[in-house]
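Letters A, B and C name the chains as they come in the text, with residue numbers starting at 1 for each one.
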Amino acid sequence: MKRRTFLEASGTAALLCTVGGAKLESVSLEEVEEADRAAAALTRKRSRTTQDRVDKLTFTTPEPAPGGQKREYWIQARPATWNFAPTRRDQWMDRPIRGRRTFRAFAYQLFSAGFGRALLPPLIPGPTLEAEVGDTIVVHFRNADTRFNQAVTLHPHGVKYTPDYDGAYDGDFTRDDGFVSPGEEFTYVFECPPGSVGVWPYHDHGPNHTLNTLRGLFGAIIVRERGAPRPDVEKVLFLHTFPPQVTKGIPRVIQCINGRSAAGNTPTIRAKVGQDVALHVIGGDGNFHTLHIHGHRWKDSRGGAITDCPTLGPNETITARFKEDNPGRWLYHCHVFSHQDAGMAGWYLVDP
Amino acid sequence: MKRRTFLEASGTAALLCTVGGAKLESVSLEEVEEADRAAAALTRKRSRTTQDRVDKLTFTTPEPAPGGQKREYWIQARPATWNFAPTRRDQWMDRPIRGRRTFRAFAYQLFSAGFGRALLPPLIPGPTLEAEVGDTIVVHFRNADTRFNQAVTLHPHGVKYTPDYDGAYDGDFTRDDGFVSPGEEFTYVFECPPGSVGVWPYHDHGPNHTLNTLRGLFGAIIVRERGAPRPDVEKVLFLHTFPPQVTKGIPRVIQCINGRSAAGNTPTIRAKVGQDVALHVIGGDGNFHTLHIHGHRWKDSRGGAITDCPTLGPNETITARFKEDNPGRWLYHCHVFSHQDAGMAGWYLVDP
Amino acid sequence: MKRRTFLEASGTAALLCTVGGAKLESVSLEEVEEADRAAAALTRKRSRTTQDRVDKLTFTTPEPAPGGQKREYWIQARPATWNFAPTRRDQWMDRPIRGRRTFRAFAYQLFSAGFGRALLPPLIPGPTLEAEVGDTIVVHFRNADTRFNQAVTLHPHGVKYTPDYDGAYDGDFTRDDGFVSPGEEFTYVFECPPGSVGVWPYHDHGPNHTLNTLRGLFGAIIVRERGAPRPDVEKVLFLHTFPPQVTKGIPRVIQCINGRSAAGNTPTIRAKVGQDVALHVIGGDGNFHTLHIHGHRWKDSRGGAITDCPTLGPNETITARFKEDNPGRWLYHCHVFSHQDAGMAGWYLVDP
């Protein structure tokens, strides 16, 4: 079977994406390879001829506000073999997950100072960056790609940054932050003004961002008020997918929470009655989702109304925060039928 | 034509679903039948080996708070022949609705105490459960399925319940509430704490929930403040679809409000100038919708901003509440083009 | 290649639509032509036999409230050759846009009083209608269609109007406002009560509204508090698409902002540090979108929470309003991957 036919037979929605120099609309496996090749062939450039006056602006690197700290992270992006269902079972549906469960992902990995040693394996999502109002977040970023051979970045939401630290490929207007080639490093500096309190995604925004973000290059940033206590239980949950274009041949869309699919593989969250619980849910793909937690309801973080099933879009965050009062085993899941049934679900276990 | 080809030709999006023991991704009519057979073959079980400590918890059945009442309902789930367009016409588009308009649905039906006699026919949506803060809602539930031969449940949103009354199939961790076989009964007890004020869906959450919910097993719960007056005009509106997998052969997605398709079949709502009007709109399928009412605008029930076209997701509720001030014939409809044009629309008639 | 096959090969989602007298579900190019022919064959009618008592109501034309003004506009709807990418380049992705870039659109055009002379070319979106609380908006509307040969209208959101000025085709219940044939004129009068403050879409709501709205018949209404100052920088941004059914043969969905596709063609917005900036973003097609502005965050106009990527649905508006504090070149884009990568993106340039 031709690969395009294979994708169509798998019922996969067309994945549109473009990379600098290449136009790719209905994405077959060959086209994914073409996108990767096109991205691999790109070189950093910054036109001197097309510039606007704003492109000539220079910026100073921000320092923490008085009393604030510099929160430093060493993070690399690297290929990784990823298993989306280590237990081989869907506990909710009580069935085995058959077929190949691994593929080549692209993930952020946390290191000790100066890239001394890996503190964690490459993970999906990547390490959570934490700061308080007035701090700066400094990310020493290394592109350790040895496989996909293309420039990637780290683009943050929610925090403040100058165009020098945007982490976005901008074509002819790209600064150094928007194109970190394999083997290169770049240090990002983000500010945390009062308006940045919240939980936000970061992700690749290089020239092949859609594919590389779908491959796993995303993580979360938490900014708190100065001195604010952490909730007793706090968890970031990315709702996202690994499509066939990313898994290269698994003939269905893998519906995931934090890189894993189906209850028993996705995060099992534990809490106790009386605890202050905060679940930060982020749309991690190009789809819209909702979050339902059985046995619970909470004030919607966006408008204050009581909800148990709010809608969220790509790279939007909602927080379900409540004082735990209901012991037992509970499902949490996206309530889009085709998402929940294909693995976007997990367990929330509450002790009395 | 092979059935799968037929579905593809009908432009139907793949309907993903899974049932315990069977994996079903791109759902053809044969696969629907396979899902039904798989669900029919399931038996209730609760593993003693895989349990977590929360699975060993026992719970007491809640009683009404002081001053609260026990609101008892007798409801059965049963197959029903359903006509989504009794008038045979789309009044908005002024055209006949041709072809078959009936199919075998699965619907909740209200009975008198002790299942004495049917108070209503099986309806889509099912009977509205009403209560006030401090009450309990007691649903005596009977699975009267004689056709689909599978376990179903009644899972509520918004209210509080212990794991004994969740109404969710949980694989090996399923309690009695999550698997009510044909011919069996189960009594659910839900609490109405202050945070549950609002309008919420309930629906099947058994092992074949996506198919059976799409077949019609859903309804609404209204929880009010103690002693709160009802609005002068109050209507629950489910925005949902009957896909070909459910209608078994009608080659298009039937876009519905409350089980009917197209103005003249969907609810025609009447009000008078000066009345307090509340329309509670619930996402009843796996899609995202908006609600537009011609000639009207209101404070969004989630954030307070003025709106006339808010977004809502699967099993999310928005309420359009306003003092009526604009007489005449008005359309109300989902503003997703492909939904409104295929029947997700109705009339709102206002007398001076 | 047959046209239907061509559409399917282009990965286009089925576009459902109906017109009075014709049912059209999976829309091929032939079916678009059939819809146009069906709409062209319709004649205005108003049944005397099917009427409800509300259909016999008569209404007086509203006048401005004391101190309010009559804001008069002369607008025609006409076919227009439209180029969605005049620069032939996608500046973000630094690539040429190859192939045909023009098609026959349908657009609103602003005229001087009494249709004296065209003040603007036909534009997508059409002219912005502005008013204050207490004003009436009077639109002298002319259907100057010489090509599609069908009735169109101007239906507003947000403002108040009687059934005489709804601008909606209602089948047998259609009043004169809902069916303006080629060559005919109709004068709409809308009221601006206090609850209509905000930014709203208007669009065609005639018998072939989905196709004609997708062809370009939409624009915005801004209602302000009496005497409220304008923001220093204010821009309405419609997020929408030109599908192959509209471009008649371009084999991909053109993702647009304000009728243009890809940075460099879409609006480049300029502001200065210290300015009060308001971007009003409206869903202009049948899809759901989000808006992300690099380097910025703001209070969500619907719930007050800080956001940089809110969700919006068809004909829903969100406003990103902030005091500008971050100079440089920034991307703004829908964060749905397949939308941003196919052109739903633009530049926001901030001077120090």
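The rule is short, and it goes like this: a contact is a pair of C-beta atoms (placed from the backbone, for glycine too) under 8 Å apart; a residue touches a chain by one contact, two chains touch by 3 or more.
These figures come from a predicted structure and were not determined experimentally.
Chain contacts in this assembly form a complete graph, since each chain touches every other chain.
Shared numbers divided by all numbers used gives the overlap of an interface; between subunit A and subunit B this overlap falls below half, so the copies present different residues.
Subunit A and subunit B have CA centres that are 33 Å apart. Among the residues of subunit A, those in touch with two or more other chains are 288, 300, 302-304, 311.
Contact residues of subunit A toward subunit B in the complex are 10-11, 90-95, 97-98, 252, 263, 288-290, 292, 294-295, 297, 300, 302-311, 326-331, 335-342, 349-352.
Contact residues on subunit C toward subunit B in their complex (touch as defined above): 14-23, 25-26, 52-55, 57, 59, 155, 157-158, 160-163, 166, 168-173, 195-198, 200, 207, 210, 213-214, 285-286, 288, 300-304, 311-316.
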